[in-house]
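The structures considered in this document are given below.
After this come two complexes, each holding chain A, first together with chain B and then together with chain C.
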Partner chain A sequence: MADETARAEAEGQVAEVAAPATANPNSPYAWPKESRLLSTRVNRIDGTLKVAGKAKYSYDMQRPGMLYARILRSPHPHARVVSVDLGPARAMRGVKAALTIVQPGAKVMYVGDEVAAVAATSEDIARDAIRAITVRYEVLPFLATVEQALRPEAPAVFEGGNVKESQVEEEGNLQAGFAAAAHIVEQAYNTQVQTHVSLETHGCVCEWDGDKLTAWASTQAVHGTREGFATSLEIPQANVRVITEHMGGGFGSKFGPDVQGVTCAKLAREAKAPVHLLLDRREEHLASGNRPSAYARIKAGVSADGMLTAFDGETWGTGGAGAASGFPLPYIYAFPNRRRVHKDVYINAGQQRAMRAPGHPQGCFITEMLMDELADRVKMDPIEFRIRNLPPQAPNAMWREYFKIGAQRFGWDKRHATGDQAPGPIKRGMGCAANRWGGGGRGTQAQCEILPDGGVVMRCGTQDLGVGTRTLMAIITAETLGLPVSAIKVELGDSNLPFSGGSGGSTTAPAVSPAIRVTASKALQELAGRVAPALGVPADQITASDGRVHVKGDPSRGLSWADACRRLQTTPISVNGQWEAGLSASGTSGVQFAEVEVDVETGVAKVSRILCVQDCGLVVNQLAAESQCIGAMIMGVGYALYEDRILDRNTATMVNPNMEWYLVPGMSDVPAIDIMLMNQPERGVIGIGEPPTISTAAAIANAVANAIGVRVRSIPITPQKVLAALDGERAGGTL
Partner chain B sequence: MTHPVPESRLVTPDLHCAHLRHKGMYVLSTPDPGEAAHAGRWDATAYWCTRTQKASGPDGNAANAACCVAGNGRNCCH
Partner chain C sequence: MKPFAYVKAANEHQALAALTRERGKVLPLAGGMDLVSLLKDHIAEPDRVVSVKGLDATITAADGGLRIGAATRLVDLHQHAVVSAQYKALAEAAAEVGTPQIRNLGTVGGNLLQRPRCWYYRNEEFACLKKGGARCFSVDGENQFHAILGGGPCHIVHPSSLAVPLIAFNAALRIVGPRGEKQVPVEEFFELPDRNLYGETMLRPDELVTHVILPPARAARSATYEVRFKQSHDWPIAFASVALQMQGSTVAEARVVLGAVAPIPWRSPAAEAVLKGQTMSDALAVKAAEAALADASPMSHNAYKVQVARTAVKRALLQAAAATA
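Our next item is the complex of A and B:
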C-alpha cells in the first residue's frame, strides 16, 4: 500500500483521501477482540412478526372511531388557486372535517400538488368528498421537460429564472491537460428521474388527547418529526409524541411530518377523532420526492500510457419545481486538470428529495461510462485503467484492492473484448464500477434497564426503517452482557425514548451502535458493583459471558445471570449512555461487477449476476449487512434498466404513476448476487445503507456495452435504446 | 449527558429563517475527510418550509438557503 501511495504521489495525483477516523482500541468500551455475536449472521428479532403479518406499520394502525382522509391534488402543472369551496364536501354524509392546504391566491407548481383535504368515516367517502370540492384555477404557463425549460423563449415560470447556474469549479490547467492527452473523448450521458417507491407509503395516523398529539408516522426521524409537527402546528414539542414501531422504507424521503402529516393532525383536531392519512401509490410518485435527472456533456483526455489528463464537464438536471439537482463529478477518479459547471433546471414536476446516496449514482454512472470509453481509446483493460487512476489506497479508499480481489472472484479474466462475437442473438458482457460514501454517525442516546428478574430492556429513540436496527441493538446488548440475543427486549421508534438522530446518510448503525455499547457496558458495571461483595473482588474485576456474571478470566467464580440479578431485590438498574467517539468511523469504499445478457433482436437486457465488494467498518450483523447490499443492488438494477418517471411533454402529467408502468424489478429480474463484505473491525462501525446502490447501474451499463459493442449512454437502458444504439455508431473495443 | 449539537453548514439560526429545513438538520453525521475533499461544491439539498411543508414558502416563492435569509424582503421569514 505504501508503494502504491508513493507511486501515486510521484505521478502527481492528489492524495484526496485523508486518514479517516478509526476505532480507539483503548476506549473503555472498545469492541471485543473476540466476539461471540458481532459479525455473525443473526436473524432479525422481529422477523417472525413480519413474516406472520403481525408487525404493525403506521399504515396498519387502527384507533377507535378512526376517520380516513384523502387529499385533493392539483390537476394542473402550474396554476393560481382562485377559490376553494369546501362546502359541497362538508355537506356530504360521513365527512367530518375539511380544510384547504393552498389558500386562494397561492400557486400550485406541479400536477399532484396538494390543494385541500377531507376526513370521513370511510376512505371511499373521503375520495368522493374530495371530488366534490370546487376549485377554480387560473391556469399558468408551465414547463414539462428540461428541454422546454432551457429554450430561450421559455416562459418565466420560476421566481429568479428557470435555470440556476452554479459557479464554475476548476482545478489545475485544463489547456495543458488536453495538450498532454493522446486521446480525447467527447460524449453526452444522462440519467432519468427515479422515484423512491417505498413499499410503505408516506403518511400517518394522528390522534389528539386534549392538546396532546400522538402520531403513528412512517418516518425516518421520530424526534425530527416531533419537532416538525410542533413547529408547523405551533404547539409545544413536549405535547407531541411520534411512534414508528415498524416501517416499510423511506430511502431518504421521510424526514418530517410532511404536508400529509400536518394535514392529518389538523383534520384530527377539527374532527375530534383519530385520522388515518397515508398516501396511495400515485401520490407517492407525484409528490413524495424523487432522484433528480442528470445530463452531462463531457470532454476528457487520457495520455498514451493510460493516465487521465483533463476533464471538462457541463452538466444539468432537474429536481422538479425549484429544487436542486447537483451530483459529484468526476466521481472518485483523479483528473489532475478539471473544470465543471452545473445548472439546476426547474420544471413543473414534483420536487426531488434525498434518495439513497443522493447524487452519487448519477456521478458514478457518468464517470464510470467515461472511464470505459477512455480505456477503449488506450486499449487497456478497464480494471487496470481504473487502478492506474484511483486515489491512493487508504482504509476508506480500498478500490485498488477490491478491484483485484473482485476481478478474481468474478472471473473477469473471462471477459471478452467489447462486442460479444458469439453466434446467436444473445450477447453477454461484463462491467464494473466503484463507489464511496461517508456513513459516519453520532449523537445517539440510550437507556438500559437490568431488572431483578434478569430481564434486560434497551431503549433508544432511533427507528428501524426495515433494515434491522432493532436486531443490531439486541446483538450489541447481548454481546456486552454475555447473554443470548433472545434475552434482550428492544424498544425503539418512539420520540419519548432517548434522543437519536434521523436515519439518513447511512448514519444509523454508526450512531446507534456505540451508544448501545456504552450504555450496556455502564449497566454491566453497575451490576458488577452489586455482586462484587458476593464474589469478593472489586467490581472492575467482574465481567459477564455465557449467561454468567463472573470474575474476569475465571468463569467458574461467579453467579448465573439470574442469580446476579436477584441481588437487585426490588430495584432495577437503569442507566443512560450515549454515543462516544472511538467506536465508529466514516468513509466506505466498494466496487461492483455485473454480467448481462442482451438480446440484440429484441433489445432486452437482463442482468445475470452481480458481485459486490463492500466495506462498512466493523460488521455488526453479517446477515443484515448483506441484506442491505442485496436491496441496494436490486434498486440499482431498477435504476439501470427499468425505472423512469415519465412526464407527458404536453401536460406535465406523469403517465406511469403506479407500479404497473413505473417498472421496478420483479423476482425474475433479480440476478444472482454475490457479496464480499470486507470486515474492518479496527475501524469501528460505519453505515452501509447507501453505498451498495451507487455503482450497480454503472457496472450494468458498462456490461451492456461490453456485450453488444455499442454504448448506451442513457439510463434506463430500455429495449428501444439498445436497438437505437445498435443502429448507431459503434464504440471501439476495449481490448 | 450533553445533548448532541446539530451542525448544518447550510442553515444557520442567525442568518436563515427559523422555518427553513432540510434533511441534514435531522441527521447527525461525522464527515469522511476523503468524501469532503472529493465532493466539491455540488448541491442536491432538498429544502422545505415548516409553515407549508413544501419546497415553497407561504408567499409561494422557493424555500432554500439562498432565499430564506434575513433582509430578503419576504414577510414570511422568521
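Our next item is the complex of A and C:
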C-alpha cells in the first residue's frame, strides 16, 4: 500500500492526515469564487446504471471459462494443523485446482481462519469440494471472551501474552484535578464488536494471460492491491492490473488483495482459467474485519461551576486474534488533568480492521455519555455544559457554533430534564454529541484528454466505493472547462490509470479533487494555446465558460467548444497533472442530535429523528455529501441499537454470522434525517466519509437516558439492556 | 448442498406417494423460504425434495368458518377479506411475517412447519441435541432469544407466527397420510422437546398437512401483538394472540396464546381463567398477563423476555377488547 493513510487505515490505526486547515486563495488553480456546479446538487453520473441493475460490480464479473472458488475455514478457534489432504477434493468431478493456505505445523487462530481452497466449474461443486478436504487438527486452548482472556489463570494463547498494555498517557496533575472537583462520576462503559457488512462482499475475479494477471477486485485501493498481488505472488507490479469499476462498500476493510485475493490468483494460475472468489455473508462476518470492542472504567471530576477538572480512565478492548483495539479518549473535551491507560486484549476471533472513523465512535460514545452524567451532576443543560468545556474555536473546531445552530434547528429547547415524566409507556428523549476528523489527502495524479470531436476524458486511478467519486471527477472537470457534467467521460478504478492512493481516512475527495482541478486547468491552458492564434490574444487571456472558449471577460470573442476542439485537427490534447497543495485541507468538526422513543414496557428503543451539523470544507457535490451523512448516520443507528458480533462464550464461534441475527437497520428503522452541511469554500476540499458516523450512537445513547431516566452504558442498546437498566433503577440504582 | 432428486407433485396423491417413513430423507417444498436455507446450510440433507406448490392454495368458506389450503401464500392470507374482517389476530400475524418477499412466497403450511431459528441449530458447527448431538449449547451459552417456558432438554422457541393465532381460534389441521386423512387441533399438533427432540410436531415423515380448518369466528374480538426490536425484518422477542368472546364489556370466553416464548405455541389456561367472566380493564389485562407468565423459568440471559411477553399479552388483550367484532 503506497498511501500512508490507507496503510494506517488497513492496520486499524486512527488515520488523520496532517495537512493545512485552509486552502491557498492564491493558488493558480484556486477554486472559482463563483461556481456553476460546485456545491450544487448533481445526480450521480452512474446512478441510472445502478438503479437499472446494469452496473457491473466485481462480484458480477463473468469471464469465459470462469471457475468458482471456495475457502475451507477452521471450525476451531485455536488449533495446530497437523495435515491437510486435498486429494478427495481434487478427485471430484469439476474440481480444477486446490491449494493449502495453512501449511501443516502452522496454527489457525479463530473460527473462520483460512485453511485451504478449491476452484471448480460451479460454486456448488466448489462448496462440496472444500467439505471433502480432510484436515487433522491438534485442538488447542482458546479464549472466547475478553473476560476469559483477562483471568489470571487464562491459558497463554498468544505469543507475548493475551494482554498488551499500552503506555500511560498523562497530562496535568490528577490529584489536584480531583481535589478541585465538586462532583466525581465513576462509571463503566462498553461498546461491542461491529462488523463492516459491506453489501458487496470481499474478493475478486482473477485471470492470467501468460505471466500477466488481471484482477477485478472489490477494493478501496486499486494501486495498493496491485502492489499487494505483486508482492504476494512475487511478480512484477507491471504484470498486474487491478480493476474496480463499481464497488459495493468497504468501510475500511478492503485495502489489499487479502488472503482470498491471493488464493484466487493462485487457483487461477493452477487451473489456467479465470477464477471467481468472493466471500459469502458468513465469511464476511468471521474473517474480513470488524470494529474492536471497547471497555472503559472512568473516574471524572467536575467543578461546581461546570468545568471539567480531571479524567482518569482505564480502558481495554479486543480486536480479535492479536490485533489492536485503541481509540482516542477522552474525546474532544478539555480535561486539564488526565490519565489514561489502555490494554489490547486478544481473543480467538477474527481480527479487526479499520472501520469508518477507526476508534472515534468508541471514544465519542464513552466521553459523551460521561459528559451528560457530569452535566446532570451540576444540573446544567448538556449543550451549555459542553460549550464550556470545548477546546478553542477554529475553522476545524466549530462545535460551539454548531451546537447552537443545531439546537435551534432541532428544537432542543423542548428537551425535558433527564427522565420523561409523560404518562404512558412511551418515553421520549433527546441527546447530542460532537465529532472531529482529519479528512485531508494528497498524492493523486490524473490525465485529461480533449479530443478533436469535443470529447473530454478525465482519467484517475482512484476508485469509487459507492460514494460518488466518479461524479465528483466529472463535476470538477466540467466546472473547470465550462461544460455540462454530461459532457465529461470519467475513467477510474483501474491500476493502469494514473496513480491515486487508497480510499481510507476520508482522503479521497481531498486527494482527487485538486488533481482533477489542476489537470483540467492544464488541459484548458493547452487548448487555449492551440486556439490563441485564431482569437488573436495570448493563451493566458483565454478561458472557457458556458460551452465556449473565449477571451477572458468577453465571451462574445471566442469559439464554441466544438469549434475550438475541431482546431486540434488530428492531435488530441493529453495532459497529466497532479495534486497540489492549497486546494484541499484537513480537519472537520460536527455535532449530532438524536430524538428517541423508548417503550419502557418492552425495552424497545426507536430513533425518531436525527440531525447532523457537519462541515467538510468546500462541498463539491451537495447531494453526495448529504448522501455520505445519511449512510453514516444509518450505520450509527445500527451501532447504537442493533449490531453486535455475538460469539458463543463456550466455543468462540459466532452465532449470528448472517443478516438475520446480526441486525442492521432496515428501511423502517431509519429515522427522519436532517442535515446541515456547513460549506467552508475557503478551506478547500475535505473528506466527509467518516465523521458523520462518529457521533450518532453517542447522541442516541444520551437521548435514551434522557427519555427513561436511567443510563444504558453499553451499546447496542437492546431491549434486554433497557429493561435491566430500568430494573436497576427500581432497585435503587444510580442515574 | 447435498444433491437430491426433485419431484413435482400435481396432487395430494402424488405428493404422498413421493414421501417415505424415514425421517429427513424426503422433504416437501412449498415456498422454500425455510427449506432452501436448511439445504444450503447442510442442516437438512434429504435424498428427495417434493414440490407441493401445486396443492390447494385457496381459501374457501366451509361450515361457517374457512378452509385454507396449505399452499396459500401468506400475502393472500392476510389480504383475504374474511380473514382480515373476522380473524384479525390471524391477519395481523400473517402481515408481520418476515418481509414482503417472504410473504409473497412463503405459505401457510410452510409457516407452520418451518424449523426453529435457534442459532445453535442453524449453524452447522454446533452439533446440538436437536441435530443428534450431545448437548444444548444454549443452556450455558447465548440464550437471550431462547425459551422461557416449556424448555428442556432443547430450548428453542417455535418460530411460527400463524400457529399462535390459529390456536387462539381453535383451528385444526387436515393431515393426509398412507393411513388416510384426519383432523388434528393445531393446539395438539406441536410437541415439546422432552417428547419429540428431533422434530417439533406430531406430523410423521410420510404425512402431509393440506389444510387449515378455521371454525366459525363467532364474532370473536381478536388481536395479535408482536414485540420485536427492529421494525424491519426481525423475529419477535415475544408475541401474543388472543380471541375473546365478549358479552358487553364482560369476557365470556378467552383464548390466550403466546409465541416465541416456548418450544411450541404456548396457550395459557391460567390467563384465560383470570379473564373469564370479568370486565375487561387495564388491570384485568395486567393480571392475565402476569398469570400467563407465572410459570416462566428464564435461562441465564433471557429474563427480560418475561416482561416483554407480559406486555405482549396485556396489549393484545386491550387491543382485542377495543376492536370491533
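Please note the rule applied: the second predicted complex is superposed on the first by the 708 of 735 C-alpha atoms of A that agree within 3 Å, B and C clash if a C-alpha of one lies under 4 Å from a C-alpha of the other, contacts with A are read in each partner's own complex, and residues count from 1 in each chain.
Basically, a contact is a pair of C-beta atoms (placed from the backbone, for glycine too) under 8 Å apart; a residue touches a chain by one contact, two chains touch by 3 or more.
All figures in this text were calculated on a predicted structure; none of them were measured in a lab.
Within the superposed three-chain model, A:232 lies in touch with chain B and out of touch with chain C [touch as defined at top]. Touch criterion not met for A:489: it reaches neither chain B nor chain C. Looking at the shared chain after the overlay, A:669 reaches chain C, while chain B stays out of its contact range.
Of the two partner chains, chain B is the only one that A:352 touches; chain C does not reach it. When chain A is checked against chain B and against chain C, the one touching more of its residues turns out to be B. The residues of chain A shared by its contacts with chain B and with chain C come to none at all.
Put simply, chain A touches chain C in their complex at residues 75, 111, 124, 127, 425, 599, 601-604, 606, 641-642, 646, 648-651, 653, 655-657, 660-661, 663, 665-669, 718-720, 723-724.
Of all the residues in chain B, the ones that touch chain A in their complex are 1-4, 19, 21, 23-35, 37-48, 50-56, 58, 60-62, 64, 67. If you check the complex, the residues on chain A that touch chain B are 16-21, 106-107, 109, 113-114, 158-160, 166-167, 169, 221, 223-224, 227-228, 231-232, 252, 255-259, 261-262, 289, 292, 319-329, 332, 340, 342, 351-354, 358-359, 363, 391, 394, 396-397, 436-445, 499, 501-505, 507, 510-511, 576-579, 584-587. Of all residues in chain C, those touching chain A in their complex are 1, 117, 119-120, 123, 125-126, 137, 140-142, 144-145, 227-235, 237, 301-302, 304, 307-308, 311-312, 314.
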